[in-house]
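All chains are identified by letter, namely A, B, C and D, in their written order; residue positions are counted from 1 within each chain.
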Amino acid sequence: MNPDATAGALPADGAEPAVEIHDLTVTYRTKPVLWDLDASLPAGHLVAIVGPNGAGKSTLLKAALGLVPRNTGWVKIFGRPYEKQRRLVGYVPQRESVDWDFPTSALDVVTMGLYGGLGWLRRPGRRERATAAACLEKVGMADFAGRQISQLSGGQQQRVFLARALAQDARLYFMDEPFAGVDATTERAILELLQTLRAEGRTVVAVHHDLQTVAGYFDHVVLLNMRLVAAGPVATTFTDENLQRTYGGRLTVLSQAAEALTRQKPFARDRAS
Amino acid sequence: MSPAVAILLVGGAVAASCALLGTFLVLRRLALLGDAISHSVLPGIAIAFLLTGTRNTLPMLAGAGALGVLTVFLVEALGRSRRVREDASIGLVFPALFSIGVILVSRFAYHVDLDLDCVLYGEIAYAPWDLLTLGGRELGPRALWVSGGILLANLVLVIALYKELKLGTFDPGLAAALGFSPVLVHYVLMSAVSVTVVGSFESVGAILVVAMLVVPPAAASLLTERLSRMLVLAVLLGLASTAGGYGVARLLDCSIAGAMAAVAGLLFLIAFLFSPSQGLVARLLRRRRLRARLAGQLLMLHLRESGAPRPRADLERRFGWDPATLDRVLRRLRAEGLVAAENGGLRLTAGGGLALREAGLDQVAHRD
Amino acid sequence: MSLALRNVLLGASLLGMLGGVLGSFALLRRQSLLSDSVAHASLPGVVLAFVLTGSKDPLALLLGALAAGVAGALFILLVTRQSRIREDSAFGIVLSVFFGVGIVLLTWVQRSPGGNQTGLDRFLFGQAATLMASDLRLMALFGVPALLLVFLLFKEFKLLSFDRGFAASLGRPVRALEMLLTALLVLVVVLGLQTVGIILMVATLVAPAAAARQWTDDLALMVPLAGLIGGVSGAVGALASHVLPQMPTGPAIVLVATAAFVLSLLAAPRRGLVGELLRRRGVSLRIRRENLLKDLYSEGEAAGGGRVAVPLARLLARRDMPRRCLRRALRSLTGAGLVERTPLGLRLSPAGEVAAAGVVRKHRLWETYLSRFLELDGDHVHRDAEDMEHVLGDDEVAALEERLGHPTVDPHGEPIPPRGAP
Amino acid sequence: MRRTILVPLIALALAVPGCGERQADDGRPLVVTTTGMIGWLAGEIAGDNARVVSLMGPGVDPHLYKASGGDVRRFDEADLILYNGLHLEGKMVGILEKMSRRRPVVALADSLPADLLRALPGEAVYDPHIWFDVSLWARTVPVVERALAAVDPTGAGAYREAAARVTDELVSLDGWVAARIAAIPERQRVLVTAHDAFGYFGERYGLAVEGLQGVSTVTEAGLQDMDRLVDLIAGRGIKAIFVESSVPRRAIESVQAACADRGHAVAIGGELFSDAMGAAGTPEGAYPGMVRHNVNTIVEALR
């Protein structure tokens, strides 16, 4: 494998990495989700995190944001711990993570992106609302500003979330599957948005599911499967050869062993009870 | 101050406090927390009695307040363990605490009339005469000071932390990422709930508090799509229930708190049935209109297919609708000029063809 | 054995079993607090039954309670189906409004000249110690068919509780099943009301089911287990109140059932909190130990092979972990005789070298596998693998090696030590 | 669904007489009492010189009383409020105490010397059920009379006369009760009820009193309490136990069943009025009738 594509490589331009991950291990109960991960994600790029289900992609984002406890290791954002860099980071969670029946409008949700800058107690004012409206405009949702969020389609909800991230005006964005379950219009809108962000020198780290579009949408890729498999520019890492090998064989031995362990689990995925 | 005014003010203050906090409880799926606290404070008053040997209000309130906080803490901790959901954790915590209370009273205060109704829960009917005296001066009903103070504190809390409460309720993940600790916000809210609930129990009794925490916010959620308006509406509905309930209670000479809860329920029922956007009637009407439009379009497609005017009987056979339904559909189509009678049959008008095109149905062939 | 004890033992066990079984479905359907709601909602029914019959005949009051309880439950179903109101709010509304109406009626009846109306609300607070043979008969009459029904319709109820939409798509009469399950729940609640009271009823429906849930992920096991826990809690609570003076029976049962839940919460093998805490600490320590072994081994590799002494500072620089964590991991390694302290720093012992080679071998094989078989979708090995041990157990590693064709270098070009190599 | 509740509700509103009753203010003082027992006392003494209203109607247990909308008016218009005290009326007591600063509010029990009151074991509180000891109840007559006279000095003479008559009635009632109870064989003088309200009665007339549960309605019996009670009943061969008007029958019925299982047939002696009186217009709706009913029930069953 190309040495450039291996774990821990600094970006070629030598600039300070946007995200630096060291020795990161996260387990859920006793299940390793991320294991001994070292990686460095370059600033100013669109980075796709790609990997199978359960490979720890979302967990990586959450660990970086301090939303899940880490067993070992650390994550630094532009050289400092996240807690000190909150203002530089925007987050787009998975769409299912919130209650869309909540009594609030699209504009209101976008305004929430500005709360970080306001700090405790201060309320958003006219300026914040104007900023939020501008962000909605950027994702083509200006007409829906006053709409209750449950009355939006899935793609529109996703765009509201993106507008909220825009409002955060961050240097680095973490996005959890921004393209999941959206219509073609939204997909195009998101893509344009990502490119604008890159042109402005911002960094986007997005969990991505669709292998077909990785090369078209992103310029860097992190192949994740509990451990870091490879990371680097799409051109050198996401090669035909790598993909061929990636998709080449079907796993048998381990999955059998694992299945034997985990038979009879009808509720394994239901959070509690 | 006349007794009626005092009761309305006290009831209104309690209703407004409860509606403010209840809105967030309802959105956080913790609507039954008030009821849980109303049971789980028993060991608090038992312990307070055992420690002080009196049934005075202050120690009872302190004991009940402590248990209220313990209740929300335990419910939260159980939920956080992710082993049971919030509803089950409420159902685990309050029976256990109440049972401890019953055992304490049965063992150590066997001969004392120590129960929640007689030592903790107040009665709003008596509020006008329970005056606060300070340095020999009477300063109006004590319950008004208590509930007014609680209302003021809650208003300050909700206004000051509106943004944090909203974000923490809607999207705890983002709240945490932005540095607004949702856990801290949750504990602030829950402490406010337990203080409000216990303090209001002491002024007006349990049932009114439990009802006002849930019913007006739930009704408000059917009437608006904005959190700020939901808060205001919930407060207004709470006040309306207070006033209406007092009227009913005076009219029928029955329990004031019970009547207030019943009126709140009536207001909820009205919202449930007649809310313009969410109400049952509106939903049914919408569904009917949709079905009627669909039926009209089906009929029009059929007329377009066939080209020539079709007799009514033919249509009746073709769609298998009963004559009344067909009549209704035809009446509407003819009134809108989409279908016209011709030679004892029916045909599509030009306007009807246009309507079909506008509905995006011009390419659709109506198949059997 | 005294009659009272016998009655209470039987009654509490039966009620506990019923509560556990029906409570399991309620727990999964987020209806745990339906019992609380329906129990309070029965008050107006009790008062109306008294007004209509003019007597405190228990059967009349029971029927009144049942009618109001069913009305409340139906209202809950209607509201949650036909609006955005969620279960917990609907429970709260029915609980407080019905109870409020009940109080209104009560104060009304209080004013009537008839007399004898006092204590109607005490109907809601039965006492477990006063269970009688007639109560047992009533419980058996309704309880045994209810259990039988659950047994017969287990598959349907399971489907309903797990995935309502899917059940409907299979053509099951979802609404009827839902009503039936809810009706059974209401029936048990009302039966329990005058015999054991609201509070015990709620606990009986929630605690055994929540306890059983901690032990198994399989509903077919959970339901009988909850029934068992409920039954045993009833019996143990009854015995406790028999042995201890002034120990009320109902609260004793509640506390025993709650204790069963707390025990399950802490100690259940897979979901237990204590186990998780220990495992979590174990996992962290194990990861750190393996990392240290690996580091010492690669330092040796870099120096051309063999065991070399590495200063602590260098290890710290490699790993950048808190000194405290490093020390603890090192203590564990030296204690196991895998690492030796030398004046120049830390060094693998001969045994440690073998262990380290094993760790490095596993890791590099694993890495090779992961980079070669980056299966997208359909590959559940990590998600389902239970813990580190199983992900990297010896058998799995051997099979992995076989599968990978005995590679000698990992994707980064580092050599993979052969099995058993020092 | 709501209609199913509303219809009978409305029907009831029309059917229950006395709802929203509003007697014209005829210039006579309005005396509001809490319990029916006090209401009887006040009514007898006041005669036609004052209007007497009891908050707690017939058959209402003061422990379980729920205030209603009309109470607000009754309190507001009252010229004199008489209540029992000793926490019988729960939280209402605290409010009545505060009210006493502004207007005539009198607690009957507070006027009794403390050594006549039953101190409850281990606690610094007293048993409030003073009316069960008729002689003690008679001692409250002057208190009521003085309170009435203070409110309505013009009727003082009438009140004094009526008070003397009531005192005589109560004293002879006291004697009657003592004589009736004496007809019960010594060994049988045990009064078993569901809850512990008959302490004064037992002390005055020489009966041992046993309850299944404590005074507070929140207390619950344990199985051992049950066994203890059954042992006692079977051991002493007690013939009858009693249900109370304000406590569900089932508790006592299950004691009966447990005794039967032990081979001791114990009858349910009848229903006693514990904290309330009977329906208005019946003999039990007045204090002496209520006492006679209780005593006759007890004596018939235990003799």
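To be clear about the criterion, contacts are C-beta pairs under 8 Å (C-beta built on N, C-alpha and C of every residue); 3 or more make two chains touch, one makes a residue touch a chain.
No experiment lies behind these values; they were computed from the predicted model shown.
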Co-neighbours of chain B and chain A - touch as defined: C
Count of contact steps on the shortest path from chain A to chain D: 2
Distance between the centres, which are taken as Cα means, of chain C and chain B, whole angstrom: 29
Mean-CA-position distance for chain C and chain A (Å): 31
Rounded Å distance between chain C and chain D, as computed from the means of their C-alpha atoms: 50
Centre distance in Å when chain B and chain D are each reduced to the mean of their C-alpha atoms: 41
Where chain C touches two or more other chains, by residue: 27, 84, 101, 103-108, 111, 210, 213, 246-248, 250-252
Multi-partner residues of chain B (at least 2 other chains): 83-85, 88, 102, 106, 110, 221, 248-249, 252-255, 258-259, 265
Multi-chain contact residues (two or more partners), chain A: 273
Touching pairs among all chains present in the structure: A-B, A-C, B-C, B-D, C-D
Residues of chain A touching chain C in the complex: 1, 3, 6-7, 22-23, 25, 27, 29-33, 35-36, 50-56, 71-74, 101, 211, 223, 225-227, 229-230, 245-255, 257-259, 261-262, 264-268, 273
Chain A residues touching chain B - in the complex, by the definition given at the top: 65-67, 83, 86, 89, 91, 93, 97-99, 102-105, 108-109, 112, 115-116, 118, 120-124, 148, 164, 271-273
Complex contacts: residues of chain B adjacent to chain D: 2-4, 7, 42, 53-55, 57, 101-102, 105-106, 109-126, 128-131, 133, 246, 248-256, 258-259, 265-266, 269
Residue ranges of chain D in contact with chain B within the complex: 2, 13, 19-21, 63-64, 66-73, 75-76, 87-88, 90-92, 94-96, 98-99, 101, 120-125, 127-128, 196, 213-222
Contacting residues of chain C [partner chain D, same complex]: 2-5, 7-8, 44, 48, 51-52, 56, 58, 68, 71, 74-75, 78, 101, 103-119, 121-123, 125-133, 194, 238, 241-252
